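Chain nomenclature is as follows: A, B, C and D, assigned in order of appearance, with residue numbering initiated at 1 for each chain independently.
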Amino acid sequence: MTDTGVEPAWRWPEDQWRAAVNTVRAGRSLRPKKWKGGARLAVALAFELDHETLELARGGTSPSGFALGQYGARQGVPRLLRILRKHAVPATFFVPAVSALLHPDESRALVSAGHEIGLHSWCHEGLEGMDQEAERNLIAGARHALEKLAGVAPVGYRAASADFSAHTLSILRDLGILYDASFAADDDPYELLGAGEASGIVEVPCHPVRNDATHFGGASPLSPDAVFEIYRRELEATYDEGGLFAPTFHPHLVGPRSRIWIVDELLKIARTLPGVWFATHTDVALWAKAKGG
Amino acid sequence: MTDTGVEPAWRWPEDQWRAAVNTVRAGRSLRPKKWKGGARLAVALAFELDHETLELARGGTSPSGFALGQYGARQGVPRLLRILRKHAVPATFFVPAVSALLHPDESRALVSAGHEIGLHSWCHEGLEGMDQEAERNLIAGARHALEKLAGVAPVGYRAASADFSAHTLSILRDLGILYDASFAADDDPYELLGAGEASGIVEVPCHPVRNDATHFGGASPLSPDAVFEIYRRELEATYDEGGLFAPTFHPHLVGPRSRIWIVDELLKIARTLPGVWFATHTDVALWAKAKGG
Amino acid sequence: MTDTGVEPAWRWPEDQWRAAVNTVRAGRSLRPKKWKGGARLAVALAFELDHETLELARGGTSPSGFALGQYGARQGVPRLLRILRKHAVPATFFVPAVSALLHPDESRALVSAGHEIGLHSWCHEGLEGMDQEAERNLIAGARHALEKLAGVAPVGYRAASADFSAHTLSILRDLGILYDASFAADDDPYELLGAGEASGIVEVPCHPVRNDATHFGGASPLSPDAVFEIYRRELEATYDEGGLFAPTFHPHLVGPRSRIWIVDELLKIARTLPGVWFATHTDVALWAKAKGG
Amino acid sequence: MTDTGVEPAWRWPEDQWRAAVNTVRAGRSLRPKKWKGGARLAVALAFELDHETLELARGGTSPSGFALGQYGARQGVPRLLRILRKHAVPATFFVPAVSALLHPDESRALVSAGHEIGLHSWCHEGLEGMDQEAERNLIAGARHALEKLAGVAPVGYRAASADFSAHTLSILRDLGILYDASFAADDDPYELLGAGEASGIVEVPCHPVRNDATHFGGASPLSPDAVFEIYRRELEATYDEGGLFAPTFHPHLVGPRSRIWIVDELLKIARTLPGVWFATHTDVALWAKAKGG
């Protein structure tokens, strides 16, 4: 075997595994001493509005799969918006273009409520094996579609498959993207390196432990009480350390009545703590870029 | 690739993914302002009496698989009927025709206790790739068998695979079915659309979060205490919001002595709340059709 | 497709699915009004001493797999024997012949402590697709080996794969077996039917909900506290109803120090209840055969 | 079938399954009456610093996979070192050579803080099917690389795949390795046998129940509270019995803020108990070799 995709790295020469590791990598920390207004904790919520695109991305046409996705749009998002409004907290919504085209009123409602919309693929496509031109066209098309719907061009990106191709970083730079939110190399912001060089792009990390898909998305979902405890511990320990609490939720997963209280309760706790800054991912990225490190 | 079954939708033209999403879809909400008698909460329990058909549906002849199914009939259903009688609560039992033919006394006992029997396939067949004539014959045969056993023709349907084929909706309309209970696009009733057109069929939703197969049916079943907390939260949050609490249980899963108390305890809680209407799925569908939206 | 192993049963004629379901099936209940001495609850513990045979049965030679099995023999069984002695409780150990041959002192220690040894395959072989002569030779060989080691011929059987072949029942009858403990069609004892005919063999059921392999044996083992709650609920609800509490444990699964207390604590609870009969599976089968139904 | 790799052992002659079981096996117990200083409990923490090698070992080049590994190095290890320093507890770090080469400052920091570094493969390679020369070169190369970085040659070994090939034991003996920490045949130290003969190598066992990969590494991670309870029970029961408490953690798994407290809290409990010896794996192996059995 010589294909790096299948040959285990103990057979590779050193420069090959070093190059692989360095393709896209965490660089210097951009964690600031203080967040805006002197806050010790930044809270930046992320929601992925995948809706029907999860079914579509696997080439599926299952009415049952679509219905689960539609649940996110019919019940999940409205419940989340009510909670955000109640606590007066801004958030970032990563939206595949096809989700936005299927639910145009939703995107407009998010923007008019003061939330941020970020790029999240055209139709939840994975990038593995995709050629550069196709990937560039899909991201550019998605940005165009979101800008048209929301009236403002997105400046943040989260890969739908939680992974980059070999081309993604340079495409994002060409598009002038401010930040990415796909990786888990740290809890706090850092600069992305491409082939060992500073990319200028801020990473606002997205760790599986703070992603509800880890806990609710598999074959054996955890109980909501257990999941709440995980997020509560993340929130409180981040407050103690000072840092960024950036959890990710999916409206079709956290949306049910037995789970939606988790988001409400977390914000209730965060609202009682002194010195907390509630921000979008763009706010965090700009602050980290200016004051971090 | 051009087969829509395997090509991911980011390669599809827009009209193709729009058509796929619209094949069977949630239409206008049929959630009423109040339930019958001014109730704020409707409780409509669903039980799926799969029994030996889960093993048969995979073409299996395992005595161990049949025994697990038979457990549902020998211990699960009698325990459930005792609990329903104790709390004087009606319920809907979705019964594959082969289950009913293997356990004819069971179907008669359900009807004589005032419960509803709904369609749930001939022998738990999945519908994917089935031709229209075969599917129509199986559903029609199942309806005939249940009517003969129970003395009344079922008017409700739940797909055994929790999914429709491209033909299911029109078959259900031809059969004069009142409601379907297969989809998860909402918590409360809505109207099913077929290719974007109102179908006249009420959807009484069945969400995985309220289905015991999600929590007990996989390789790592949750503890009964954790599962109870999920249902208790669903019940109480639905009471707070006003709406429909329609959980699904399987007698072979919830039947064991360490789990059966979950159903008992939920009904005990619901019985203490003022303004609760205990109804079959047919009751709910008729009320939603008349007063919902 | 015409092979009954792969064609789903919705294509089968009625006599075919009826015959499949009736091959081995639960017959009349043998639950007695009272257990020996007027007890309301019978407690009959089962342990499966698979040891190295799980690795061998898959044709494996992994030292790591063998070590996990050996853990059952080195730590699991001695801890279990200490707990059984402390509470003066007899139990049934289902032992593959190869386990017994690899650990001959263990079998002798079990017998000298007053416990029962039951058949559990030659080397944890599954029976699917095995021809009748091979299966008969393996079971007869296993009985011979256990009798030689333990000084008494086993009269009980648990299939290693938790399943019968089409020949197993008649082989067990030819061998004069008193009871089987492989199936989950009930919580309490019943008579096994073969092709619809009473077999004379008592079934002492083995339900997955009371098998520690369900909770500890998969990729995501439950916490010991959650598992204890499941068994405690089974025990207490069986006491309330009157019946048989027959849990199954594997020494390599329940043996670790963080889990072994579950067995101790269950027996402590059972010892405090009035009217409990602690019995081997043979004791239960004989009583059920004489007084049940 | 005649290949022992695939033919189930019920078809093997007795000498074949006996030889397979005896290839590498637990021999006499080396559990001492007392640990150093008369302690009843030895606490020996193990950490596996897999970092980017998990992704590399599967021949992968996923930036997302590398980021998860890098998280272990950026956040996991520093947090663990702070906790170890706070409680003044030594530990053993099993480090694949490629991890050490990618993070050379980390290895030096571990050594300068007084911790032990053990062998853990070249690049997390599994050993199944590897020829003897390749395996010998990889282990020897890894030892050389670690010695060069850390200034001291490692004397302990943990297989990356938690398993030995048919050659591993003799390679370890040729290299003069003191102890292995790959197997789960016991909770307390024992001597490894090779083909039934004493090898002189001490086994410091590594049981899945004390490995955070079992609880956090799969598709459905447990809640941190449940995982803590497992370790707390292991620790306290080992203290009661007297013995070795040797848990294994991975910095990328236990590193997040919602989980890292588990290690802190365990050490806090252990620090309050009288008669506890905190030791590296080498300390334990030397004591067991001298005083055990």
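In the analysis below, contacts are C-beta pairs under 8 Å (C-beta built on N, C-alpha and C of every residue); 3 or more make two chains touch, one makes a residue touch a chain.
These numbers come from a predicted model, not from an experiment.
Put simply, the chain farthest from subunit C by mean CA position is A.
With centres defined as mean CA coordinates, subunit D is found 49 Å away from subunit B. Our note on geometry: subunit C versus subunit D, Cα centroid distance of 35 Å, whole angstroms.
Residues of subunit A found to touch two or more other chains are 219-221, 226.
Viewed as a network of touching protein chains, the structure reduces to one closed ring of chains, two contacts apiece.
Chain contact summary for the complex, subunit D toward subunit C: residues 3-10, 12, 14, 17-18, 20-21, 23-26, 159, 162-164, 182-187, 207-210, 214-215, 218-222, 226-227, 229-231, 233-234, 237-238, 241. Contacts from subunit A toward subunit B in the complex involve residues 52-53, 56-68, 70-71, 74-75, 98, 101-102, 121-125, 138, 219-221, 223-226, 256-261.
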